[in-house]
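A, B, C and D are the chain letters, set down in written order, and residue numbers restart from 1 in every chain.
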Amino acid sequence: MSTEAQTETANRAVISTPSILAVFLLLAAASYGALIWAPTESTMGLVQRIFYFHVSSAWTGFVSFILVFIGSVAYLRTRALKWDWLSVASAEVGVAFFTVVLVTGPIWAKPVWGIWWTWDARLTSSFLLWVLFVSYLVLRTLVEEPERRALVSAVFGIFAALDIPLVYFSIWWFRTQHPQPVIGDGGSLDARMGWVLLLCWAATLGVMTVLIRLRYRLEALRAEVDAYRMEASRNA
Amino acid sequence: MTLARAAGVILSKELRTEFRSRELLGTTAVFVLIVIVLFSFTFNPTSSESRRFGPGLLWLAFLFAGSLMLQSSFLREQTNDTLAALRLAPIDPFSILAGKITANFLFLLLVEVILLPVFAVLYNVAILPVLAQLLLILALGTIGLAATGTVFSAVAAQARLRELLLPLLLLPVLAPVLIASTEATIAILRDPPELSLVWLTFLSCFDVVFLTAAWMVGEYLLEE
Amino acid sequence: MRWSAAAPSNCCAIWSRAEPSRVSTPLASSPNGGAGNGPGRGLKIQFSEVEKRYGMRLALRGVSLEIAAGECVALVGHNGSGKTTLLKIAAQLTRPSRGKIAFQAGENPLSLEDVKSKVGMVGHHTLLYEELTAEENLIFFAKLFGLENPAETSRQALQPVGLSGRAADLVRTFSRGMRQRLSIARALLASPGLLLLDEAGTGLDPEGQHWLGATIQRLRDSGCTILMSTHGRNETQGAVTRAIRLEGGKITHDSGAGGDPKQILVMAAVRESGEEGEA
Amino acid sequence: MAQASACEHWVDNRSELLQETPQAEACATYAGRTGMKNLNFLAAAYIAIWLIFCGYVLSVARRMANLKDDIRRLKQDGK
């Protein structure tokens, strides 16, 4: 176990400088696009520029939660703990991205609508998804044994991921009956805005990849510590 | 041994144990009753307001009740490690879950049916003309609650702080059920009553998705 | 006294130590007993490199073991030496972290699902529902095992353990010993080809222990494979044909298929009494 | 200023929340004219994003450092 864990960490240890550099370049380009290149939206003004990172963070958060689902299913099939590591890493990073969505949403809403929080469909669903995966992370802290933890959290991860489309549909239908101001609507969409949005999405996906690999490495280290502890107890 | 027969055997065991003491049912019913009474203080329950807010708080009370009641579903099996006894039997592991989901569905539905008239009287809502449709909504919503609740009860039974954990896991996942069944109930209590097919279809989808999920992961969940 | 009073005459065989000539005596009067009896009844188990990890603790560290059909194997060792884990893996309650387990009936390999209907287990816990009566418990498990005529099977299973008189009482009202006896009756319900006993003698009075020893012997003679964990001195050890000592999740002593288990058993008894002395 | 309060009133009046209403357009031009004012909101949003991610990376780094400490200690104990 111990040697296995070590080689595993060794393989995953390097988050190469070029990849980080690439992500930073992408981020810089996306920021330039979002802050300067894209035209100022006529009705909402400068604050509409939050839109690019607000929406792309939500999309990226989704991708992370889909990775939680993939990791959970793969763990149940293979029982290889590395899939559990992928799940927990993706869940944490996804929660971070949805935190961004939840923080930038009100900052956008305040100048445009005069209120911090509106219960619009997208913001509300994001809030619910955030809560859902926070409870996934809470569950993980309450189970000690790694295999057990991986198993129960995989089950819950699958259920939570399956809940995502249901949350969206229900809130969307609910809001069509009880209209609210809409956050996350870009207003009149210029072609350049579309490109900038895509660029921002690419950049946030890059950030996501780096963060997940970083967090995955943390989990691998933890397994290594466990392996050492086990070896120590075996020798004792 | 077919899945259905094994599930039936387990279901009848659950019913027999519960109806012998009726502890769980009684306690849950009283809990919902308390919540319904306390809610009446949070707004002025005139008839028109009740129709708007009543269904929501009723369903909220049911969800809370479910998240408390379903705790014991798997905890009870830990007393003498009877879960191991069930897993020793040559049956499909899902039949254990299926039996328990059905039992919990019946328990919850029973509590709901008992408290529905109380709710109608206290909040001055006429339910008799739309009773059948209301029962359909109750049943569809409760299937989703029982399916996810039973699975999460097995999850929470393996963790620390399980009493707190089950509501924490269950309630966010059940938010769509809360929305759908509340909206459907509001629609049916409206004047004139309206059976909202969108929400009924949605509830059925929820039930199908999570029953299937329970079926797929059931065998892993009960492992030791 | 409850024991013998309730035991019907056709079950007398279990009171005396069964003679080799009684090899084919059917298990009590279980209606299903006949079908599975005879030399082909027992299962052969094969553990290969079985390892079990519980978090940071290694409960089993690569156990390889082959138990032939009809052997009666005693597992000895301290608490935490891996006895219970090994039994749980044999019962497929726990999946090994590494390694494999395989079963054979006669020459035919059995799928892990098929094995389940042929395994009886008496665990650390009673595996009984407190809120059900003795009879309801047995009927429930008989149904789950798909036995024909569960009511009749259960009633007959209650006789040899001397609980016929208490059949309609809730298990909650039972004493430790009575529960243990019911638990044993539960394990024997489906006339298993492999019986797993995890310290089945605990909680039984001397008379009950004697009865258990006789029952084990009779089952062994009827061809059933038995794997049991046991304390040093025990009435149940009369039937043992092979003893295995586990220490820290590893097999340290094995008397082998044809060997004499006495030495290991005596050694275990000595160690245990030593521990008792220290404690 | 009057327009601003009208806007806020409009937001509170949830039943009329459709962007096509004349009131909505008036509000929109209000927002557009005060566009530069919203610069601080835009800045706040970007600062918040950076803070969240830096905070997260720091927390991972801290946990990682702790684990590396553990490994070093365990290695020493092993020898």
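Everything that follows uses one rule, which is that a residue touches a chain if its C-beta (ideal position, glycine included) is under 8 Å from a C-beta of that chain, and two chains touch if they have at least 3 such contacts.
The structure displayed is predicted, hence computed values, not measured ones.
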Hide subunit A: connected chain groups?
-> B, C | D
Chain occupying the middle, per Cα centroid = B
Pair of chains with maximal C-beta contact number | A-D
Give the label of the chain whose average Cα location is farthest from that of subunit A.
-> C
Where the centres are mean C-alpha positions, what is the separation of subunit B from subunit D, in Å?
-> 37
Distance between the centres, which are taken as Cα means, of subunit D and subunit C, whole angstrom | 64
Subunit B-subunit C separation of Cα centroids, rounded to whole Å | 40
List the centre-to-centre spacing of subunit A and subunit D in whole Å, with centres computed as mean CA coordinates.
-> 15
What are the residue numbers in subunit D that touch two or more other chains?
-> none
Find every residue in subunit C that makes contact with two or more other chains and list them.
-> none
Would you please write down the residue numbers of subunit B that are in contact with two or more other chains?
-> 223
What are all the touching pairs of chains?
-> A-B, A-C, A-D, B-C
Which bits of subunit B are touching subunit C when the two form their complex?
-> 1, 6, 9-10, 13, 16-17, 20-21, 79-82, 84-91, 223-224
Note which residues of subunit B are touching subunit A in the complex, please.
-> 148, 151-152, 155, 158-161, 165, 168-169, 172-173, 175-176, 179-180, 183, 198-199, 202, 205-206, 209-210, 213, 216-217, 220-221, 223
Interfacial residue positions of subunit A with respect to subunit C in the complex | 1, 144-148, 226, 229-230, 233-234
Can you list the residues on subunit C that touch subunit B in the complex?
-> 88, 91-95, 113-114, 116-117, 119, 121, 123-132, 136, 140-141, 143-146, 186
Residues of subunit A that touch subunit B when the two form their complex = 76, 128, 131-132, 135, 138-139, 142-144, 148, 151-152, 154-156, 158-160, 162-163, 166-167, 169-171, 173-174, 177
